[in-house]
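There are two complexes below, and they share chain A, which is joined by chain B in the first and by chain C in the second.
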Partner chain A sequence: MVILRAGLCPGLTAEMIQLLKANSIATVVDLVSSDLEEVARKCCLSYKALVAVRRVLLAQFSAFPVNGADLYEELKSSTAILSTGSKSLDKLLDSGLYTGEVTELTGAPGSGKTQVCLSIAVSTSHDLKQNVLYVDSTGGFMASRLLQLAQTRTGDEEEQVEALQRIQVARVFDVYKMLDVLQELRCSVSQQVLSSSGPVKVLVVDSVSAVICPLLGGRQAEGLALMMQLARELKTLARELSMAVVVTNHVTRDGSSGHLKPALGRSWSFVPSTRVLLESRESTWGQASTRRIASLTKSPRQPTGIEVELDIGSCGVLEESPAASGEGR
Partner chain B sequence: MQRDVGSFPLAPGLRAKLIGAGFQTAQELLEIGPCELSKEIGISKEEALETLQIVRRECHSNATKTADDPEAVGKCTALELLAQEQAQGFIITFCSALDDILGGGVQLTKITEICGAPGVGKTQLCMQLAVDVQIPECFGGLAGEAVFIDTEGSFMVDRVVDIATACVQHCQLIAETHQEEDFQKSLETFSLESILSHIYYFRCHDYTELLAQVYLLPDFLSEHSKVRLVIVDGIAFPFRHDFEDLSLRTRLLNGLAQQLISIANAHKLAVVLTNQMTTRIGQSQSMLVPALGESWGHAATIRLIFHWDNKQRLATLYKSPSQKESTIPFHITPHGFRDVHPPPPSQTPAEVEINPRKRPRIEGDKQ
Partner chain C sequence: MCDEWAVGAAAAAGPGPHPLLSAMSDGFRKAESGTQLLARLEGRSSLKNLEPCLFADEGFPIHGDVVEFHGPEGTGKTEMLYYLIARCVLPKSGGGLEVEVMFIDTDYHFDMLRLVTILEHRLSQSTEEMIKQCLGRLFLVNCNSSTQLLLTLYSLENKFCAHPSLCIVILDSISAFYWIDRSNGGESFNIQEMNLKRCAEFLEKLVREHHLVLFATTQTIMQKSSNSTESSIPLKLHCEADVEYRPYLCKSWQQMVTHRIFFSKQCNFSSSKAFSIVSCHTKKKHVIKCSFSVAECGVQF
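Here is the complex of A and B:
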């Protein structure tokens, strides 16, 4: 719904706009969808001029259909699959994080979402040598833990330092600031402000529900609108800038069945294309025998219900090995 | 600047009017003046001017932000954060086992939540921390001040006097063995009166007062910049009774958590909250879980659960970004929060628990 302004296209002058507005045609959609002969008669404008203006506006504002084969070729050349650094998690995600898509990690408090995010950040920055932007809204980011993870991957201090330098951290605690950060990222990429080793390839948002939950519920619809704004920004960043976006979400208890389900409701459930649920099974908070299970609850490529076991130790998210299974954590 | 109008912090009614008039992106708003805007969407000229100022400010700050501009959103690399974290201190708890499992003590810029059944020692730890944050830097402390927000009325000044006296004596012992000048100098300022005068106490009787207090805290903190610890003793109490609308409660709690973490981050202080326990009835058994629901569990960065094991008090680290889960025993002595020392065969330290208000767990037990 773009408003008609003078100079929007050649031939659209201020007097024309005044006359059109007087007949309640204020936006591009109104002009393009109205019957031009009638408009020419009512506003005393030349029919030819109106047709020319309409043609230019259509060319400028309409979307172009793309051939399926062309789309496939484009996706093949622009999508990258980024390994998460953990073989079992990669198996769950069909060999890794896909750029152009939003992946969601959800789980109860203490189930390991922040640990998986930190692990992904370090493995992208160190193994794949790509830039990462980590947006932290819960305060759970610990640079010393990142250093620990980097130290288990390489003993060389310079490489550790480089790996940490490629991870940018933004600490935002409300939704407007988060939108600011995402907008700034988009501007910096579109203006081609490159940092030392290239554009950001992975965007981690931990967590998205911490900033949206205070706005949802009650009788206000504002919260949903802002949530969808955020969703649109994330998806646009993923698709247009070829990034892999990872978000974390909380869980709430379902009122009727008593099971845990991801927070933010049904509207948010359509935003990520892949959803992974992290759980710790057979554990009480007095004992030390926790098994951390990651299960796939939504995926465009794999069957849902696949489960893998993760081991969150001092080395990050490793796969379960027979030697390690004896240690209780 | 192709930023959507919906992403600016404007009032909802105003936003609805702007979108209804056909404004989609910030670019369109930047092109017109306040008089035209007020005429087009039917608001007063002052409102139009304000709206345009908000939009311009956000857009210009985006355009002129460089990588070195820290105050805008606070972006920095992980390396810089690492340097900051390593330079930060911890608030020690005088119980070395607890300090170990926390990774050095209570961390700054994070929210630590202590949950436990009644009488297990949550308020004792809070009072201990309020004293420990004031320990001078040469003894390994932070030389900060503390804010204590009390909702249950469990703050006992005489107990704080006991804890503070023990702490000052401990520091004096250290100073005597080391015999250095700055130790003596800092001891002059570290006395019972100064400790008590640097604990700022607020009493909140219901959730509205608590919310108001937390939202007014940034102003208070900008005047008292040495505050390094904010304690909210009893965050569950005002929210657990007298609330019909549970979704409102979730919303308020989440907003409160975000406000607290942003204060902790902006002023580099630690926030400690205490929570109650509630029973969850499962399929075969019932367990004690922290109160306030599932969504509150995500609010705290570090969660400690205090519980009993027969007669021994235990602390379990249940959630932490950098330490693994573990359990340690602790004791509460007349001097405050302390470690458990295995009793040597020759002397038996008398561990008397002072619990003036709550029923003593063990009836007159002396080891």
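Here is the complex of A and C:
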């Protein structure tokens, strides 16, 4: 809701604003939606001036339509598919994480969501040499684990340090701080503050439900509004800055059918374009195992229901390092 | 004429204009520009054969129709929109209608690469040129808030005059700002719904004046209350099918919808079609049921 004020656009003078205010036209929307002939008559302003101001305000505050062919050209050059470091996970995601989209990892506690996130971070920073921003809201992030994963990729200490330097970590414990961090990221990119190896390509948020769940419940809409605002920020970052966004979420049991469904409710369920459910498989010996089943529950490109097996052992979900064989990705 | 009064009155919130003076100046305001006249007389292209399964009663949308796609997540609404876009922008030789489409995206949902995959499957020889030509008939706008949506609709008015072959508007989705608007509006329902109400009224004006067809998706974000009378009564009036529908958007929107199509996942695993739709005509109470599945080439009936 933008309030009219002097200098908002050329031609909008303080006297004009006073006269408009006297006739209850205080915001941009009021001015644009009112009948300009009438306003010109009642406020004794020039019709032409009002039409010019209206045109400028519309140009300033409305969105511009883009032709499909132009958008396609742009997307062809800016969209990238980032491998996650694990061939089976890549297969599930149709060759990897797509920039411009939000991918959600859901699962019960202990199902391996954080391990997958850490693996993705190391794979992106070491194999793909891209920057990562890791937003941790659970306290489950451990730099030592990152180092351990980096050491499985390369024995060279300098390379390990470089890989870790490309991962920025932000620890947040409430939604306002999270929104701050995301907005700071947007500002730093728009002001073209680039770090040594380029802009952030992967944003990992572990986890979204930890900051949103305390806000939900009760009859106020504020919690839901904050959740939708966070969703909007994440999607805007993904689309406009060509990042791949990975978020993690808990699961709850559906009341009627008993199936597992992602937490945070119906409104959130529309936000991610891809959703992967992680479950542990009972080991035959009845002991805790490092094997997990990842199944695709929502995808814009693939049929749902595909399952792959992951092993979150000492290498996270990363596979044998291709560095030895000299393969690039 | 009445609509302009309504909009003017809502904005000015002061004493209404003198009827006689307005009537006189209305005559002047009503004079169309040359392009508007041409656009109106040339007529928008016919949308016959768009998709019979979707439209109860006539089998195809008539200009001025407002179609609402309603359903929970993962039920194929977006895929159906891609199917419709493909049908519209493909050249007549490829089985399309060669009309232009305006796509208003409110939650960054639109996946261009998916649309291109669908177009490639539908065209017999899909060269880069042909794809670009088809995509040239599609216009996309992204809106960040209900205020920006309203202002964007105002500025799009010119586009409809200038492009007579632009006859379909898709709004995905109109319920995206629901919670944010409710929180911004404080305690008063009127203020909460104000932006959406204005958008709905302006959309109705656009659709009527420029002979468009509007498709809008709304998300099922409310649970159907089990024993409330307020939700079951409107349901019985226009639809005998048992669908999970709890209206939550403003009245202006609900009243302007002419076709309401409910999307759901099939529960019985015996059928090969994974999704089903129930299409209701809100005024004439006709109902059509249909099922479809989604493959790599898009929706298949």
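Convention: the second predicted complex is superposed on the first by the 309 of 329 C-alpha atoms of A that agree within 3 Å, B and C clash if a C-alpha of one lies under 4 Å from a C-alpha of the other, contacts with A are read in each partner's own complex, and residues count from 1 in each chain.
Just so we're on the same page, a residue touches a chain if its C-beta (ideal position, glycine included) is under 8 Å from a C-beta of that chain, and two chains touch if they have at least 3 such contacts.
All of these numbers come straight from a predicted model, not from anything done at the bench.
Using the contact criterion defined above for the overlaid structures, shared-chain residue A:S34 touches chain C, although it does not reach chain B.
In the superposition on chain A, A:Q229 contacts both chain B and chain C.
With both structures placed on the common chain, the touch criterion links A:G68 to chain C but leaves chain B unconnected.
Within the superposed three-chain model, A:S119 lies out of touch with both chain B and chain C [touch as defined at top].
Legend: residue contacts after superposition of the two complexes on their common chain; A:K298 is shown touching chain C, with no touch to chain B. Partner contacting the larger number of chain A residues, of chain B and chain C: B.
In the superposition on chain A, A:Y176 makes contact with chain B only, not with chain C. By the touch criterion stated above, A:I25 is placed in contact with chain C alone, chain B being left untouched.
Looking at the shared chain after the overlay, A:A263 reaches chain B, while chain C stays out of its contact range. Overlaid on A, the two complexes show chain B and chain C touching the same residues of chain A, namely 1-2, 220, 222, 225-226, 229, 232.
For chain A in complex with chain B, the touching residues are 1-3, 5, 26-27, 108-110, 114-115, 118, 121, 134, 137-148, 161, 164-174, 176-177, 179-181, 183-184, 187, 195, 207, 209-211, 213-218, 220, 222, 225-226, 229, 232-233, 250-253, 260, 263, 284-286, 288, 290, 313-314, 329.
Residues 1-2, 23-25, 28-30, 32-35, 37-39, 42, 57-59, 61-69, 71-72, 75, 79, 101, 220-222, 224-229, 231-232, 235-236, 238-239, 265-267, 269-271, 273, 298, 300-301, 304 of chain A touch chain C in their complex. Of all residues in chain B, those touching chain A in their complex are 1, 3-4, 6-9, 12, 21-24, 28, 31, 58, 62-63, 65, 67, 72-79, 81-82, 84-86, 109-111, 245, 247-248, 250-252, 254-255, 257-259, 261-262, 264-265, 287, 293-295, 297-301, 303, 305, 307, 309, 314, 316, 318-319, 321-322, 324-327. On chain C, the positions that touch chain A within their shared complex are 4, 7-8, 10-14, 17, 22, 25, 29, 72-74, 78, 89, 102, 107-109, 111-114, 116-117, 131-144, 147-148, 150-152, 154-156, 159, 176, 179-180, 182-184, 195, 198, 202, 219-223, 296.
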